[in-house]
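Both complexes below contain subunit A, partnered by subunit B and then by subunit C.
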Partner chain A sequence: MRIRRFTEPIFESLIKICGYSSGFVVLLIIVFLFKEGISFFGSSPVEEGFTMYVHASNPVKDLSAAQIKDVFDQKITNWKALGGADQPIDFEFLPKCIDSYMDSLPGSLAFFPSAQTDGKLKSAIPIKIDKITVGKFLSDTEWFPTSRPAARMGVMPLLLGTLLVSFFAIIIALPLGLAASIYLAEIADERIRKILKPVIELLAGIPSVVYGFFGLVVIVPLVQSTFNLPVGETALAGSIVLAIMALPTIITVSEDALRTTPRAMKEASLALGASQWQTIRLVTVPYAASGITAAAILGIGRAIGETMAALMVTGNSAIMPPTLLQPVRTIPATIAAELGEAPFGGLHFQALFALGCLLFIITLIINLLVERVSAKRN
Partner chain B sequence: MEFPESNERRKKLGQAIMFGLSRGISYGIVALLFLILFFIVKQGIGVINWEFLTAMPTDGMTKGGIWPAIVGTVYLVLGSMLFAFPVGVMAGIYVNEYAVAGPVKRFVKMMTNNLAGVPSIIFGLFGMALFVNQMGFGASILAGSLTLGLLALPIVIRTTEEALKSVDDTFRQASYALGGSKLYTIRKVVLPIALPNILTGLILAVGRVSGETAPILFTVAAYFLPKLPSSIMDQAMALPYHLYVISTSGTQIEASRPMAYGTAFVLVVIVLIVNIAAALLRNYFGKKVKMN
Partner chain C sequence: MANKLETIDVHLHYGEFHALKGISLAIPDHSVTALIGPSGCGKSTYLRLFNRMNDLIPYTKITGQVLMDGEDIYKIKSSKIDHLRRTVGMVFQKPNPFPKSIFENVAYGLRVNGISDNSFIENQVEKTLRQAALWEEVKDKLKKSAFELSGGQQQRLCIARALAIEPTVILMDEPASALDPISTGKIEDLIFELKDQYTIIIVTHNMQQAGRVSDYTGFFYLGNLIEFDKTKKIFTNPSKQETENYITGRFG
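Coming up: the complex of A and B.
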């Protein structure tokens, strides 16, 4: 007895600590995700240890990552396009006889390792490169995280790709899921329901990588031959696979919602002469509308966060604007595909964590939305 | 007021069509599931033999077996459950038995829901930042198990909570009346009654963890290892990751297709076993644990 008086409080505080564990984990996720993600903003898109120089007389004083890439890709060849004097841009990558060379070319733009050139140049001055900001990260339309000399990290094509794949998946899955949930909740007799329900739950248990594999060997060739496409790995293939994966969530949640409709309401409708279907359409479904909405939002959330299936069937190319019959790249697939190759702590690494932050914020909003919508019902 | 007869007929016809449609769609979804299962079983079963299950992969993963991936997945499941099960069960006990209804309980439940909704790739990122880098475990079974354990945590918490909720209050009151303390009551009365349902949650969590790929990508998974892991600080191969790499990367995707079908088959069999075991346990004890 005395021992128990001593051990019980210990166990009880242990239980209490564990009780807070999920809150603690969410907090930790936020801290670690945002720690890496936020340091991404405010850093320079130019490769670490390098500086860009222009001739001291050049009126252009700062450049953005997009402009640098255009110069490098020779889309911009004259300083006039960058707001300078009308002279061709001579782009220099290597430090060869730097100073005299730059001195003789007033239109030069050079890219040198900072350590070799810092303070040693008389006729060249470093040009200011626009820092990465949240606004630019969200609005930039190109994702070239490893391009040199300046990386372009715009989340737009990835975000639009993710939304396109997810929303189209729900457009496919919602009518099917709603029909199935109506059947299970209102039409099927108990015996059939008892068979169908576990089978649909089984659909939720199949690992996403197996869905991805199934999509890769069955749905991708199917999409390719149906639409006569050069590649079958498209947003459409992704949407179909994600729709299959979202079905169990949608069915379970909306069936639960349909079941909350009070029996008296349904009976009142039947007593007024409405058919069973009219009752479902005009009484049961409207009553469960908020639950069905929650199911749809939850389904979208699952689809947005789905990694492996999206990675395996969508083709992973950041095309802008994304369309259904072309390869797209989703945010989770980008993280999964690129984190392994991004040098630890580098700009690309941080950019992927920033993507993770964005994804986390989106799913958090979706979760809160679901809670809002379902709370309204009670 | 008169009811035109055609209206009545239209009503009946509409109902017949809509009922038929929703029944057809429901059976269609079930058929789809069987199609997926049948396809993988049909393609994979020919690959399955003793050698496939117990040999190391050879010839750039186009021949041999998947033994190291099976071992790795077993380690990861054990490791993650070693963490998630005790913590999750205690958290479930806290939520259902200790937490007083109010903002704190609401907050704890909301956080559990949020954690369950976090995409698996975020767990991968987080596991890499915290366990692999910050704590210095490197890519290891330890880091992977902890990451998967965090992912499984909300599943265990929710099923435990549901299981405890289904225990009738009279049991608790009877124990208190006999002088049992709160903890003693939980330990000797509530937990034994709720145990089958708690175990169902454990089984479902095992099923989920054994199929997850994204959280282990950067925390433990190895493309190929010539020998089995010898400590928890080693990297390991794992079934889902193995399926992912041999079906999407490498130079001999076509040649390794049979291996991929075999691996997918094994994963599907694990899922089937887990679900059947959970269903049996559930039916045997008659009380239902809901997953969502």
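Coming up: the complex of A and C.
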């Protein structure tokens, strides 16, 4: 008795410490993520240590990353298209000497290391490059994070790709999951249920790389041959694999919800002459509706956040606009694929963190939705 | 009077457990039969034979005959079970309205049986709510959720719901056990009214209630039917010692 009185406060404070510290760690992670992600905005898309120069007489004072890329790709060849005088653009990537190059060419545009040129220039002046903003990040339709001289960091194709893959994943998974959960909860006899339920729960625990591998070996060739495509790694293949991955969650959560329908409610329905199907349709499913919704949202959450399988089967190209039968690139797959090659602390690195922030916000919204739906239940 | 319902040597096993041990009993048409006995003796199980509700419980085995109007209801095709349940209404121990409006609760049985004529449904809802002595209390809030009603009102709603599909038999499993005395009185009055048109079997724990509402009484004990007779006879001059002990409160 005495020992109890002595140990209880200790356990209590231990539990409290654990609670506080894990909360603190979570907070720290979020702060870290957003610190890295936010410092991305306001920086210049031109690689650090380099500057874009124009001839001192050039009336054009600023350029956007998109315009620079177009010049680089020779889609724009005249200053007129950029709001300047009618003269051809002479683009030079890392000239030997900036001044001697600039002097002779009034239409010149050069990409040159900034440190070597400070205060020693006669005819070349730096041109302002538009900073990266949240608006541009969200609306730009090109993702070329490593392109030089200026990187394009438009999240639109990735965001749309993620939403497309997830949306179709849920379109596939929800009816199947609902049907399977109804079967398990209402129709399967006890013996079958006792075997199937743990098997399905087990499926939820399989590492996603295994699903990805399965997708690569089975789903991708299937999609390719069914639709007669040049490549099978498509948004559709991603949707199918993610649907398979989301199924266990959807099935178990909605089966639990269906089983909360009171027996008395079902018996009342059957006793009134309703068939089993009528009872399921009119009593059991409506009663479990909010739980089923929560299951669907959880499934979407799983699909949106899924990295490995998406990386393996979607083909990873940021095509705009993304379509079902073409390769797509999702946000998590982008982060996973590019983080290794992005220089630590650089612009690309920060851009990937900004993607992480976006993903965090999306999943946060989904979780809040789940909370609201399941709160309505009580 | 003809026998509406009859069981002949019915045994029921829940898995290994022998819940009904050879029950033979004939229940006359247009009568109220009370089933009494200590809890766990098989009253509910027996009652649920008549609308095949026990079928829903896995590992249940039933032998013997259960006749309704002379036909064995355990020999009908499984597709006819819904139809059987339409002719046998049931009121459960705890009020169990659907999470729907008052109107839709009563209309439910009609709708699932394929009736879509709205004016017929409206008439039927009003008629059965009146029969269940609930109409005056709910006529202005038919669209409100059934959960807004009191327990007693909910139970009368469940009775109206059972009556709406015009069954010929009504099974009541301790319909007043969760209710206050006033609601209980209303339900008993209702049973009295319904007796002319229906064959009613009511399970009850309450001796006075059995005495007040029923014509016949069956006493169950440990899965056996000990005695079945006119209610008056059972309560004044039972032929079995166990029955007398139970009625006089010496056990159970």
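The definition used in the following text is that the second predicted complex is superposed on the first by the 360 of 378 C-alpha atoms of A that agree within 3 Å, B and C clash if a C-alpha of one lies under 4 Å from a C-alpha of the other, contacts with A are read in each partner's own complex, and residues count from 1 in each chain.
Quick note on the criterion: a residue touches a chain if its C-beta (ideal position, glycine included) is under 8 Å from a C-beta of that chain, and two chains touch if they have at least 3 such contacts.
Everything quoted here is computed from the prediction, not taken from an experiment.
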item: Partner chain in contact with A:213 - subunit B first, subunit C second, else both or neither; value: first
item: First, second, both or neither for A:371, with subunit B first and subunit C second; value: first
item: Partner chain(s) touched by A:227 [first = subunit B, second = subunit C, both, neither]; value: neither
item: Touched subunit A residues, subunit B compared with subunit C; value: B
item: Touched partner set for A:176, first subunit B, second subunit C, both or neither; value: first
item: Partner chain in contact with A:272 - subunit B first, subunit C second, else both or neither; value: second
item: Partner chain(s) touched by A:11 [first = subunit B, second = subunit C, both, neither]; value: first
item: Contacts of A:283 with subunit B and subunit C, given as first, second, both or neither; value: second
item: Those residues of subunit A which subunit B touches in one complex and subunit C touches in the other; value: 275, 278
item: Complex contacts: residues of subunit A adjacent to subunit B; value: 4, 8, 11-12, 14-16, 18-23, 25-26, 28-29, 32-33, 35-36, 176, 179-180, 182-184, 187-188, 196, 198-214, 216-218, 244, 247, 249, 251-253, 256, 275-278, 280-281, 301, 304-308, 311-312, 332, 335-336, 339-340, 344, 352-353, 356, 359-360, 363-364, 366-367, 371
item: In the complex, subunit C residues that touch subunit A; value: 51, 53, 56, 58-59, 82-83, 85-86, 88-90, 92, 94, 96-99, 108-109, 112-113, 158, 161-162, 165
item: Residues of subunit B defined as touching subunit A within the complex; value: 11-12, 14-15, 18-19, 21-23, 25-26, 28-30, 32-33, 36, 39-40, 86-88, 90-91, 93-95, 98-99, 107-108, 110-115, 117-126, 128-130, 133-134, 150, 153-154, 157, 181-184, 204, 207-208, 210-214, 217-218, 240-241, 243-244, 247-248, 257, 260, 264, 267-268, 271-272, 274-275, 279, 291-292
item: Subunit C contact footprint on subunit A (complex, rising order); value: 189-190, 262, 264-265, 267-275, 278, 282-283, 286-287
